[in-house]
Structures are given as C-alpha cells and as structure tokens.
C-alpha cells in the first residue's frame, strides 16, 4: 500500500522536477525514489493485510512481484543516458509516466476486486500507449503506438465484456465471492454465462500479455517502440500481466478449471511454438527479441497450467531471471543501435573485438535466455518444468524442451555474430553508469545460476 | 398542458427578445429603435418572421448539404430540450390535485441541464464545418473551444452550490431557498452564501451563450458572421432563435440556483394574511411566484443586453486566460472554501 | 414508496443480455471491418457501451449498486483512453497526413 | 407501453450502432454514435439508473464525441478516403462477427439470468446519493487511483498532441 | 429522498418532439414559400468578394485541439465531483458518524482535488494554456518619399 502511495507522490514530484533547467538531476532522483519504494515495499513482508474494504491485499505474492517490477524499472533507467545527453524536453514526463505505470502494475498483482484489476491494467496500458509513441517524429514509433492502442483497447473491450458476464453470474466483483461462486457449480442456470465470461477474460488477458494466437500485434509494436520502453514492456508489463493472470485463474476461477484448463494448455503450446519458430526466422534482432518475449510468455504460462506449491515460486524466479537477462540484452542493443544505425544481427558483427564488455554482457544474457547452465535462466526453466511435472503435464514439458532447443539457435546467432564476424564499425562509446549496470546484471545472472536457492522458495 | 404552455411561453419570450434587444440597444445608444410595425413597433418580431419565411435561401455549392441543414436544427433542438426541467412555479392545487408548474421533476435536473448545455456545441460545430467556408470553420472551432473551456468553471461553480443543497433536483434547490433571511421569508437565497460562485456562473453563462463580451465565434469585425456566415433566412433564424432560447434558459437557471427561483420575499406573509382559504392562498402564492420568477428571468435578459452594449469584446487569448487561469482556480477555491465553511458552520454561527 | 421500474417487471433480463451481446458483436465486427483508425476507435467505444449497458441492467435487476459504480469507472477510463488515443492519431497525421491504418505499415489484419 | 418503448429503444440502439460501422462518412458515424449513446441513456432511464444516464450524456456525448468531431474536422476526414479492404476480407470480417454472434447467443440462450427479487428490492440504487455513498465509502481507493490515471493520460496526451518547437504550423 | 417516476421522462421526449415539429414546420413552410433561383455566384462560398481559394476544410491551430484534450480529462474529473458534492453535506451522515464523515470526505476529495490541481499546474507551467498574443505588425510603406517629408508636411499643417 505504502509503495503505491509513494510511487504516485514521487511520480508527481518528478513531473515537476522536469521544469528545472537541467535534466541531469532527474535520473539520480528517480533511482533514489525507486530505491526508497523498493525498501518500503518490504515493510509489508509477511504481514498480509487487505486495504480499503477489500480493494487490495498486500501479501507476500504481491510484495515479491512488486519488488521484481520496481527493480526492473530501476535496472532499465540507467540506459536512458542518450535521452539526457540529447536534452530531450520530455524526459521528466517519460520517467513520471513510467513510475505511474508501476502503480498500475502493483495494483495488478495485489488486486482483491475486479475494479482494481481493471484500473491497474488501464493505468499500465495507457502509460504504455504514450511511451510507445514517445518518439514523436519517428513514424515507426507512431505506428507502434497506434497499433498498440487499437489492439489494447480492443482487448480491454473483450476483457470488460467478460467481467460483465462474470458479474452477472456471480453478482459480485470481489474475487473471493466470485471464487466461492465458481467453486459451487450447482447454479447451472448461470453457468454458461460464467463460462463465456471466463473465456472472454482469458482472450482479453492473452491479448494483453501477447500470447498466441493473440500475439500478432506484439512484433510490430515491440519493434516500433523506442528500445528503452520495449524493455519495460517485455519485462514489467509481462510480469504484471502473468502475475495478474496467475491470480485470476487460481484465486478467482479455481472451481471452473475443467473448463478453462484445456483452453489454457492449448494457448500455452501455441504460444511456445509460434514464439520460438517465429523468433528463429527473424532477421532483426529487436524483432527476434519480441518473438522471444512471446516464447517466454509461453514458458510462464506452463507454470499457470500447473498450480501447486512450486509454481508460484517458479513464476517469480522465472520473472526475475528473465527480467535481468532481457534488460541486459536490450541495454546492449540500445547502446549499440544508438551509434550504429539499424537493429539487425549484422549490427553486432565483431562487437567482441571492439567492445568486449558489451559482448560479454550480451553473451551472458543470451545464455540465460537460452537457459544454459550456470545462468539464472537454466534454473528458471528447471523450476517451471519441475512444477509442471509435479502436476503431471509431462508432454507439455517435452514440447517446451524441444522449443528451448530451437531457441538456442536464434540466441546464439547474435553471439556468433559478435565473436566470429569482422567488425562493422567503430568502438561503441559506453558511459560509466551503463557499463556498471551491465556488469551488475551479468554477475546477478551468474548468482542466480549458481545459488538459485537464494531466490527460490520465498513465497 | 403545462408542457405546451412552457414550450409556447419560451418561444414567445424568445421572439420578443429580438425586439427587446433592439429596443434596449436603441435606448442605450439614445435612439428610438423599431417603431413602425404596430404600436411601439411591437409587431416587429412578426415582420421578422414573415421575412424569414419568404426570403430566398441557398446552400453553398461546396457545402455538405445534409449537415448544413442539420446544424441549425441540432442547435434549436438542444436549446428546446433544456427548458424541460426548470421549475417555473410551485404546485397549483386544482380540485385537490397538486400540479407542478414544471415540465419534469427529476432527481438529476442539474446534471440534465449540464449535459444539454454540453450538447449545444454540436449545432455550431456541425453547421460551421458543413458550410465549407473558412470564416465558418474558424467560428465553429472558436465556439467549441470556448464552450468547453467555460463548461469546466461552470461545473465547478455548480459543485459548490451542490455541496450546500445536497440535491441535484432544481425543485429541491428552489424549495430550500424559501426560508427566512434577515427576517423576511422566502429570501434565503443562495446568492448570499455563494456570491463568488454566482459571479463565476454568470461569466460562464455569457460564454456558453456566445454573448458579448464572449461573442468571438460570430464577431463581425473578425469573422464576418462566424459559424453562420453562409446561413440565411430560416436556418439563420433557427440559430438566432436557439441563442435567445439559451439565454432564457440560462437566466432561468441562474434565478433558480442563486436567486430563489419562484420564492419571493414575504411569501409566508401573503400566504397567511391575504386569503383565508388555504387552497386559494397557496394558489395565489404560486401564481405570484410564477410572476416573480418571470420577473427575475426578464431582469437577467435585460442584464445580458445591457452588457452587450457596455463591454467590449475580449481578445481570444484574453478569453482563454480568463477561462483557464482565472475562473477555474477561483472556482476550485470556492469549492474548498465552501467545504470548510460547511464543516465549520456550527462554530461560525456561534461566533456571531 | 419503492416502485419497481416497469421495465424490470415486464422485460426479462435475458433481453438485455442479448441486446448488449448484439451491440458488442456490432462493435467487434466494426473493428475487424473498417480501416480508418478513428472509426475503429469509435467501434471500440461501441463495445464499451455494450459492456456498460449489460452491467447496468444486471445491477438494476439485482438492485446492487456495485455494477453501476463499475460503469462509472469504465466511463472515466474510456475518456482517458480516448484522450490519449486521439492524441496519438493526430500525431501520426502530422507525420503522415493520413489516418488510414493501412497506409501506415505493412500491417496484415 | 413501456415494453414498446423498450423495443423501440433496442431497435434504435442496434440500427444506429450498425450505422456507425457502415457509414461512409466519418461525420455520420459520429452522429450515429451520439444517437446510440442517447438510446443507451434511454435504457438507463428505463432501468432507473438516472445518474448514469446523465453521466453517459455528459461524458460520452458531451466530451468524448466532441473530441472525435474535433479530430475529424482537424484531419479533414469528411470525404471517403479510406482505402478499401478487399471484398474477401470484408466478407471474412462480417462472417467472423456473425459467427461470434451465433456462438454467444447459442451459449447464452439457455441462461436464465434470473429476474428481480421483489422483497428487498431497492429501486433507488441508481440515484446519485446512493452511488455517491457506495463510491466514496467502498470504492475510495479506486477513486483516488483514478486520479493517477487522469494525470498519466493528461501528461501523455499533452506531450503527444502538442506542436514541437520548429514543427510546421498548420 | 424524493422518489421519481419514469413516466416523467416521457416529458423530455415530448419536448424533443415539440422542438422537432417546430423545426420541421419552420423549414418546411419556408421551403414552400420562398423563391428559389440560385446561380453560381450566389452558391459560391463567401470570402468578402474574393474568389475562394481551395477547400476551406483546412487544418487549424493545434492549440485548439490540445485544449480539447485537457478539457476531456477535467470534464471526467468534474463528473466525479457531482456524487461527492451530494453526499458531502448530508447532515444525518455527519451526525451518525459524529462529525467525522464530513472531514473524511473532505480529505478524500482534497487528495483528488490536489492531484487535479497539480495537473492543472502542470499544463499551466508547460504553457499549454497560453495563447499566443497577437503581435501587431506596424505596416511599412514602401514609398520612395522619405519619411521626413511626411513629418514636415504633418508639422506644417498641424
């Protein structure tokens, strides 16, 4: 609760800091704000309580996911140096809108009432529509914003119709009451309405997190959005979406799981296949990362289909390791693409020779995403698969492992390009803060891969 | 019955507003004004109507035909709708039945007015845009921008009033003002509690009806005729008519909200002392109330016309500055002050 | 006095269910059918209104105010969304002089 | 009597809703959408949700559609300059919509959504006092957080909508 | 609380119908009565006698548009005020909660209002509410006669 209030207040303060002459102060200020929020967030640890007439509950689940999301934003922002250097007049707005969107994300992981979920999704989405179009002169960015907006609002409409039907069936917006209704399926008269409602909600959320077959907007939007905000989209937005989805299917509709389980499994398999195959055939690195984020949404959905003692922790660990690796990958991409035009694989040619640090960070990130042992990504998938096997979905794990094998191909394409090809350009200038962050992210990935126990079994 | 009456009276007053406007203009400018048609020129509106019917009218070749006709119709329609909720008088008792002198009594009267006022902008926008004339387009845009800007301050000044009344029903608000003030019954008007709110509302009322000093959408010196540059004859008539109906409605709303509506000072005395039969006394008070209410409306209409020939027109930047940077902060301050005053009311009373 | 509105007494709730479903489907069809971004956006508003109508009818028949409060929030959020959405559309127009989504990109939809 | 009003409003809602989709001229679409909002407001009044009826008019018809009209005027979209989709994709879209309708209706036709309960029925829940009570007591938190949403929308929209320095004026 | 009846709302419909009838009679009658002999000159757009140049559906100053964007947000916030204003002053509630309701609701609206005000301040400081003041351009005559001669003439005859 405190973190929501603090984030709103800091966001507003930051908005007004933008009126100062120099925008040098903004980045340190935001990092400090986020650090405060990160710390304060843990005050609610092991102290679950609900606020404001059961509007939201801050339990360990909420605190842990909020922490991951606040951390992601703090990790992403150091790469925004180019905006500071170029004196972007809207920098304060960018930072503030990102902080406000975190408020929405936290609402999404701690909601106790459908209204809060809806409002959280909308705060996050509206902020992201703006950020997608934040490079106003760039047609690609405009396009991404428009497409994201139209698809996002369309998804909102579908989601809301689902909520309305669920409200009609159960007569309440409180998730505990909906859960008690749905677990008591003797009320057969209303059951079809509930089922259609659940189906529409599934479709709506799958639209929002970009799961197949509702993923078709994702590559275009991710490619067109400025890299910094793509990072945010593929980490925070995805984490919040998956966490909200997790809570929705297991805390709200558990009684109906015979109904939605097959649908969800089908979506999962489709997402895994389309994400990985799609990523393998891309020529643009950024577009590949967009498909890769679809694929990772698929792995996370595996955890959703297998609800047991491990799955919560598995989702959390996966979200953390995926975030760290993705931020590193996009961070390198941003640094490189700022100085070498384009976002293709060729752009990375010979980076191992000109910028060993960048190449190293990228390699570690790719290894983690491809789940090579010793990196966080390995244990992330390990836990997810463990929980799926525990739930008896062995064939799902087989599909996922096959797809992981495919993923090694496209993740290592960039590594090959960096070390095997001739350099295409000058050395890429890296500022100290970004370099520090990249080193930190790499070490963090290794720590997660070597001491996975430190980050597991929190919940 | 009453509905037809309200409708007819509104239209009649609107017709004579055109006459009044000229007469008042003439009076202020030391002229005689219309005096040919009928005694004192009283048949002048009739002559105008005949002219409107018989005048040739054309739709510019480049204009959008359907929308060109739809514009003035929409303007007139929204203007007609708004008078439905205004309480012109208290109840009349006929054969033991209480009949309200009001089109419709609703729980959301004030919101209804607010909504219909917000719709008024469509007629102007569509008409101005359909004309396919640069002046018309500029006029339409100005009108839209001006109306929406002043709607906010208007809404906020209504909020402050609403905090005191606790009801959105215009009738309730009127009845609440029937109490005693300074020892006179029926003088407990909101103007004494909300002077700032009234000033804000009045200013916004001028802007919403596009009257001078806020007549930028149609100012002759800059935009020929603004949004109705291309209009003539009956369609122009509809626009002008809609403007006068809006003035009447806004005057009525102001009387209801701030000047006690159909309440008049000393009404309890009249009720108690003139007629012995309670039914007759009640009806008498109601009829007097209706008369007084129309008196208040006429006073406001006169005020509108008086201002027109007194104040010069704003410049557009001044207009926007006034709306956004002065009226809205003032209105918000008014809301906060009202809130604090309501909470401290017992203490305030004790102080005096 | 607590008079039950006549519509609630005489019209089954299912009719409202079908009405809003039909309106919702019209909106969805519009989104799939049209190309003009502004029209698509209007169709999305149509979908949201179908949702609002459904929620209000549930709320009125069950005499439960929660549904109407939700509708209130949906309206507020829709306004915010429209605000951002139209800003984006105008921004694109400035760069491109067209709002046809088809001209914008190699979209396949 | 009221039933006839209901059926008329249903008819009006669906017809004007379809006209929004099928109108060639965006301005007509806007006008039909406004008509749809009015008929939906009519439904709200029939259901005695008076406050929402008024808010629907104020927010949708009075604010949102004004902005739509503004944009259409601004972008000069009066003429039909939409590149047409191929007939096949149009056909597909209509078929998809039709199938969706059939599926939904088929699934929902067996639903007995229940009806009102005469005892304990409160016809006044749609009044502004009642909604205000619920909104400011139970839904306080979403209400406050909605202001954050508005701030985001405002900062974002203004940032995107304003003219950048040096940009062509038009 | 005042009960209201649905049938009352039919009245609005009557007003609407009345207005529509009035408009139809007005437009219909004038259509029948008036002469109609248009010619191309009459039908051209009025531009003070000049030939109209191009379509007049031109794009206008985006400032108007930004104002409309800001308006939408404030309008919705305003709508939130209405239910609050109605429940704020309810005396039975204030009495029932021993006076805390008034403070409670004032504070909760204070927060909302505060954020609204900050938003207003934001757009204000950012200059979105500023309208460019007209800068009158003093006309420069390009006459070959030097200005001093005019001044001399003026001086002579003043």
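Which chain is which? They are A, B, C, D and E, in the order written, and residues in each are numbered from 1.
The rule we apply is simple: a residue touches a chain if its C-beta (ideal position, glycine included) is under 8 Å from a C-beta of that chain, and two chains touch if they have at least 3 such contacts.
For clarity, every value in this text was computed on a predicted model and none was experimentally measured.
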{"item": "A-E against D-E, pair bridged by the larger set of C-beta contacts", "value": "D-E"}
{"item": "Approximate Å spacing (C-alpha centroids) for the pair chain C, chain E", "value": "26"}
{"item": "CA centroid of chain A to CA centroid of chain D, Å", "value": "31"}
{"item": "Inter-centroid spacing, chain B versus chain A (mean Cα positions, whole Å)", "value": "54"}
{"item": "Where chain C touches two or more other chains at once, by residue number", "value": "2-3, 5-7, 17, 24, 27-28, 41, 58, 62, 64, 66, 69, 73, 75-77, 79-84, 86-91"}
{"item": "Where chain A touches two or more other chains, by residue", "value": "12, 15, 115, 119, 122, 126, 129-130, 133, 136-137, 145, 168, 193"}
{"item": "Junction residues of chain D - those touching two or more other chains", "value": "2, 46, 48, 50-51, 55, 58-59, 62-64, 66-67, 70-71, 73-75, 78, 104, 108, 111-114, 124, 127-128, 131, 135, 138-140, 142, 146, 148-158, 160-161"}
{"item": "Touching pairs - complete list by chain label", "value": "A-C, A-D, A-E, B-D, B-E, C-D, C-E, D-E"}
{"item": "Residue ranges of chain B touching chain D (in the complex, touch as defined)", "value": "64, 67, 70, 106-108, 111-112, 114-116, 118-119, 121-122, 125-126, 129, 137, 140-141, 144, 148, 151, 168"}
{"item": "Interfacial residue positions of chain E with respect to chain C in the complex", "value": "3, 5-6, 62, 65, 69, 72-73, 75-76, 79-80"}
{"item": "Complex interface listing, chain E residues touching chain A", "value": "115, 118, 121-122, 125-126"}
{"item": "Residue ranges of chain D touching chain E (in the complex, touch as defined)", "value": "2, 45-46, 48, 50-51, 55, 58-59, 62-64, 66-67, 70-71, 73-76, 78, 124, 127-129, 131-133, 135-136, 140, 143-144, 146-148, 150-151, 153-155, 157-158, 161-163, 169-170"}
{"item": "Sites on chain D touched by chain B in the complex", "value": "27, 31, 34, 50-51, 53-55, 57-58, 61-63, 66, 69-70, 73, 78, 127-128"}
